[in-house]
Amino acid sequence: MNFMDKWKTKLQHLPTQASIYTLFVVVTALSVYFLDKSVVAFLLLLGSLLLLYFTSFKNSVKWAVGGILLFIVIPFATSGGLAHESYMEVATQCGIYIAMALGLNIVVGFAGLLDLGFVAFFAIGAYTYAIFATPQANNFISGQLFPLSGSSFWLFILIGGFVAALFGVLLGLPVLRVKGDYLAIVTLGFGEIIRIIFNNMEKPINITNGAMGLSSIQPPNLFGLKFTFPHQFYFIVVGILVIVIFTVRRLEHSKMGRSWKAIRENEIAAQSMGIPLIRTKLTAFAVGASFSGMMGVVFAAKQTFIDPTSFTLLESITILVMVILGGMGSVPGVILGAALVTILNLQVLTELTNWLNQLTMNGTISIPNALSPSKMQRFIFGAILVCIAIFRPNGLIVAKNRKVDAEQLKAERSHTPVPVGQSTGQSGGVAK
Amino acid sequence: MTILKVAKLVKRFGGLTAVDGVDFAFPKGKISAVIGPNGAGKTTFFNVITGIYKPDEGEIELDGKSIVNVKPHLITSRGIARTFQNIRLFGSMTVLENVMVGMHIHLKTGLFGTLLRLPRNRAEEKRSQEEAYRLLEYVGLESLLNEQANSLSYGAQRRLEIARALATRPKVLLLDEPAAGMNPRETVDLIGLIKRIRQELEITIILIEHDMRLVMELSDHILVLDYGTKIAEGIPEEIRTNPRVIEAYLGKSAAQQGVIS
Amino acid sequence: MSLLQLQNVHAYYGAIEALKGISLTVNEGEIVTLIGSNGAGKSTTLKSICGQVKTQGAISFNGREIGSQPPHQTASEGIAHVPEGRRIFSRLTVKENLEMGAFSVKDKKLIKERTEQAFVYFPRLKERFGQLGGTMSGGEQQMLAIARALMMKPRILLLDEPSMGLAPIIVEQIFDIIQELNREGMTILLVEQNAYQALQIAHRGYVIQTGEIIMEGEANLLLSNDQVKEAYLA
Amino acid sequence: GDSKESGGDATVIKIASQSPLSGGSSVQGEAIKLGGQMALDERKEEFKKLGFDLQFVPYDDQGDQKKGVANAEMIGADKAILAVLGHMNSGVSIPSSVVYEKYNIPMVSPANTATEVTDRKLKAVNRVVARDDFQGPAGAEYAVKTVAAKNIFVIQDKTSYGQGLAEAFKTAAEALGATIVGYEGITVGEKDFNGVLNQVLSKKPDFIFFGGLYNEGGLIVKQAREKGITVPIMGGDALDSSAMVDLAGDKLVDVLYSSVSTDMTKSNKDWADKYKETFDKSVENYSAYAYDSMNVILNGLSKAIEDNDGKLPAREKVRDAIRATTDFEGVATKVSFDDKGDNKYAKVFIYGFEGPTYPGTLISEIEQPK
Amino acid sequence: MLYLFCGFYIHKRGFNMISEILQTLPQVLVDGLTLGAVYAVVAIGYTMVYGILEFINFAHGEIFMTGAFVGTSTLLIFNTAGLLSGMPGWVAYILILVTAMLFTGLMGVGIERVAYRPLRKAPKLITLISAIGVSFLLQDIVRFIADLKTGSFLVTGISLYNENVKIKTSSIWDSFDDAFLKTNSIIVLAVAVLLMIGLDIFINRTKWGVAMRAVAQDRETASLMSINVNKVIALTFFIGSALGGGTGVLFAQQYGTIDPYIGFILGLKAFTAAVLGGIGNVRGAMFGGLFIGVLEMFSAANLGIITSGNFGGEYKDVVAFIILITILIFKPEGLFGRAVKEKV
């Protein structure tokens, strides 16, 4: 007990923390670098980002260290092994999902609007780029102008985000009258409608090429450098992601973020505080959708092929799972949730399966074919979901309110005794 | 001088007429009370004024301008703020944040300002925090500023609702049963607070209350509703002795003792 | 004879200790009132009796320990609770609400009798028999809540702020009804903010403050106690 | 870091498979895995003699291209993997093969029929089955010329396989002078197709073509017959399964399907029996294609080893050796790859079900157009 | 002249179109009602659980699927034991229905106990996650067992009733063609209607039914009325799940083939139906189910005809969702849902 306390106080000591943290990063980075294909080491290295969140460094320091980790340490450490591209692929997909989950978190976590069709915006972003970066657009725009070159990709990140946001608003306008679980089913319907339309728009005019999908999408091109490898996409994704996180963070503690939360807590009271319901909800939809749209563009360029099977309801549900699992409304939680689910699905379960397979084939253990681990992924995923729900019902990192320093406020506040009313004239009183 | 005027106001719910042709002029800078039996339509009256419900008939004017068919959030920015009978705080936000939400209409920073966070935007945010803090001091909740709103006691929640409403810098403040669930001691404090708001901030106050001592002590003017219609109006003294009011609302013993203090 | 007895009861909401060792007794046939300011723990005390919050300590009813049993069992043993804020089943009709009050009563005839009795106390309910509970006004809802609790013919009736938000005339009626019920032999534990009125009709009273009983005694003694006057009667 | 995956004395060579092992199309995915595994197990000894420990690593692509690509990157990272058997879905193949191409890992698909798969002319990509633009027209030719179909109703399952095949069929049939009276999509995974069939009723076609898998195909046949629709129904190679018998039962009459394989249960009864015995599962057509694909891979591999003086060959060498496959006689099909990786020998055979027995009877053989 | 000709052409096409639609209309209605009956009963399960716990029991579709498998395998077991030949079809039918309903009913209770009860006080959405987890688990467990027993998860069972009945709808109006109806469809419709009527009486007339609604509205207060809340919730799950499981049997008999993934799509449709009718409202769910079933059948059969092939049956779900969304926009609480406006 005493011993524990001693450690606790020691750990609160900043320099100690810093040195332990650096040690951790160095050790994991080196093991990723030297060990060949060690999922555990890779996970620990990613874990250092999480650890960073729990340290008591200053915010700016955290951002800086996080940046160094993401842009330098992780790419470099993974470049040692053969699995470099594989790690980078996982990290890239993680990044894509994190951005989407953060977008959905604005809608569900902040504004309290349950959206079960969120992947539609991802699809819209992806198709926006794919249609113009393949000859597909020639089908409805004359002049054989397409495909656009890969250097248009950078512009399309913005266009994709914008178009998705636009759709967010278009969807929102009619449906935001509907509340709660009704909204869930309406958005679910919207997601399905978008997917089915993309799946069938090969006639009457061939716009999306239907179920065949769009292939040979132009990869991004920066001054002649073609982006085809996962480690290249990694930098694009991390770049966008940093902007996304930055945006979310700023919005969360602003007038906008507060009105989202106010609407989530009590619509009527929010209205009575002068918050326009529809407009505020629409901004939540639009901002959330734009993150998805941007990542959709990246996704299309990375895969070089898209078809509607990537945008199913199950995908929307998965993103929602990431948000709830991580902790609704909690930005670090959602990032963790998205990363965990993606890594679990793409890497951990696959590796586990391969390992068990290996054991089966070597005859170490024998599993009936019907139970072969590769087929049990849904089972394992399902079991994990139930367990987390039961043992961690508020999500992995529970959303916290930001505390304000009372003493400082007290000291800095002006001393006019009357804080409000038109008579004070302080900032013009009541708006027109 | 009249600040808020309603004329022939009607609100129906299906077959039920909750507010039935009420005419009234609320004098500026005064405290008016709306009383009446349960289900008389008092809260509905407030809801219609604040735009939560659209009136079926009639006119509502604030400073001579009609606010019928104006959206609730715009009514707020025209200068009417309110509290709710069943408390409606933003439960999982902090006390300070609750008040800052109330400042919504006075903050100019837009989406891009938030992202860029220019010195101007930063200053505005800072100022609004300080202002919120002063409002909390005003209602005596400054020590709880970082608490989650729904962890507050009932009385504190009621006061927070008042602070939040004040944050919109209203000309008219509507209070729906502000003393409900408070004990006599706390009610006395509340009376003090309401008086201060009227005097120091020069805000017109309209309140609904069943606690006759509070009503009689505070109000300059009383409107009595029953079954949606106005059955009496006047100064407290007139109301207390009005037989119709006694019969429909006060009851005999309350009429005698409710006002002893 | 003591019907209900609490000894050193602690109650918790998560980490918050809302009751810090409460002891009180209600004798058969008494009206006992519990007064105290906001958040003092009045409602929590009633909830503890009904098993709605986790408690430590001894709660005995009719000589039997009931502290750890689920609420529905406690209710079926004859403790009726009219909760704070009425808690009417808003989408059930008045009739169905009353039926739910009589859930543990098997005999249809008995249910009918008690319904009739409820109409005697509250004629208004008879007029509104088929109306949905949620559309009634506050006062009517309060009547319904009391009538609903009476349907099980409880040994003891726990009332949590029955006067809150009601017009003075209704408050008056409700206090009359409480006294009438008591005269007919029902034991009553009354929680009130309106200490003055509560103490006027009660036999004994307890004063609770931040989870602790700070005073107890005959109602009229408490009424004239300076400290009580200062803090609760203003 | 450098890696020599040396398990004791023998160098490990891994062959991966990628197919959906979980979810709705896992029956087919599983068949691909097992067919490949069977071939590989049979030839373990042969490679042992050459000094290599042959291992099979099945990956689950979940029919999801993201998963397929991530797996492909893992496969690329595992230097011991020299070839991939798969995928089942063209939609997963197309993006994943871009990754294989980067790492020079040869891929042989036992199931992809979409033209786009090989039309990109990737060095790594091969397939043993017929392209949509061969199989579809072959079916159309048979339907229009032999069955004399004039008014054809086309149903497809709105997957890339179903749509690819159905569109190829439709174009060819129209070119041959038939009228397409209806062209409808269904939803994969549903069990009630009465809606579309009611439209068939009102359009009164004399022939129905279905582009899709047997899961839906079997039910469509059954429900059509129950509705009194008696016209011939034709499908692609994905109807070539014993499951058709289970699904449609005695309603399985006048149903045609094209297939790229000869009748395995007759021509290779021993093989089919062995499969059944090993895995306790009935043979799917994909099992046989996967078996053949795996043998194509292993032949290429052993050729590459031979060319490399018995040492572990580079992936490029294996890739080129596989592409060079000529006149391989598999249990289901003969294989020679052309310069795009398509199977030159992919012939189309037309079979017919005349009752609940699998396989149907061979009716016609159609050569690849020159 | 040309104009006239065009007009005539369009008119003719329109006429053809209508007559084509009319011809199959009886058949479309029959098929639509049969499918709709299945949706309706499954929708009731969603609605009941939603009504009482206010959360979408995502696993309900999988309970339906499990019922289908239990019924089918019971029948297969009878068959291998040689019992089936000596048994009238209806006896076997009732036996498998009862078995499946009991099984899934208990399973529903078990799921509630393990995966939902610990979460009663947790945020509502986390229960949704738990339900999604349960639904994955069930899919895979059923798949595993089916796979182990039969070597494939696509299972085709034995149909007890295979005859076709011809309804002479053409005699009503000569624009109609005759409709065919499977004997089994009659059973589906009959059983579904019986279940629905029974349930409606149970919920609206019995004490336990009222108790369910009371628990739905306010659990804490219900317990003060000496209602055992856990018991009521368990009962709700039992009934809802048994209904789902029973429908699974009807479904398996109707379509012959089942797989572990049928629950997902069907569950989605049924849930849509429940919302359309006004979630929490049993009669609404019934109506919603039938409506979606008929609508779906109608669009699959006629969309292609109406749009001359431009938008075909593949858009049937789009039509269903667009109608749902439209209805919800104008009646945000669903068709039968009562507008419980929050009282301010």
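In order of appearance the chains are A, B, C, D and E, and numbering begins at 1 in each one.
The criterion applied here is as follows: contacts are C-beta pairs under 8 Å (C-beta built on N, C-alpha and C of every residue); 3 or more make two chains touch, one makes a residue touch a chain.
Chain identities (UniProt): A, E = Branched-chain amino acid transport system permease protein; B, C = Branched-chain amino acid transport system ATP-binding protein.
Predicted model, so just to flag it, every value in this text is computed and none were measured.
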{"item": "Steps in the shortest chain-to-chain touch route ending at subunit D and beginning at subunit B", "value": "2"}
{"item": "Set of chains adjacent to subunit C and to subunit D", "value": "E"}
{"item": "Most distant chain from subunit B, judged by the mean position of its C-alpha atoms", "value": "D"}
{"item": "Subunit B and subunit E, separation of their C-alpha mean positions in angstrom", "value": "49"}
{"item": "Mean-CA-position distance for subunit B and subunit A (Å)", "value": "42"}
{"item": "Distance from subunit C to subunit B - Cα centre to Cα centre, in angstrom", "value": "31"}
{"item": "Inter-chain centre distance, subunit A versus subunit C - centres from mean C-alpha coordinates, in Å", "value": "51"}
{"item": "Subunit D: positions in contact with at least two other chains", "value": "22-23, 26, 158, 185, 279-280"}
{"item": "Overlap residues in subunit A, where contacts from two or more other chains coincide", "value": "199-200, 268, 369, 375-376, 378"}
{"item": "Residues of subunit B touching at least two other chains", "value": "52, 84"}
{"item": "Subunit A-touching residues of subunit E, taken from the complex the two chains share", "value": "50, 54, 56, 114-115, 118-119, 122-123, 125-130, 132-141, 143-144, 147-148, 268, 271-272, 275, 279, 309-312, 314-315, 317-318, 321-322, 324-325, 328-329, 332-334, 342, 344"}
{"item": "Residues of subunit A that touch subunit B when the two form their complex", "value": "247, 250-251, 254-256, 258-259, 261-262, 265-266, 268-277, 283, 401-404, 406, 409-410, 412-414, 417-423, 427, 429-431"}
{"item": "Subunit D partner contacts - residues on subunit E that touch it in the complex", "value": "20-21, 23-24, 27-28, 31, 35, 140, 143, 151-154, 156, 164, 177, 180, 182, 251, 255-259, 261-262, 264-265, 296-302, 304-305, 309, 312-314, 316-317"}
{"item": "Subunit D partner contacts - residues on subunit A that touch it in the complex", "value": "33-37, 80-86, 88-90, 93, 199-200, 202, 210-213, 215-216, 228-230, 303-307, 309-310, 345-347, 350, 353-354, 357-358, 361, 369, 372, 374-378"}
{"item": "Residues of subunit C defined as touching subunit B within the complex", "value": "35-39, 136-140, 161, 164-173, 193-196, 230-234"}
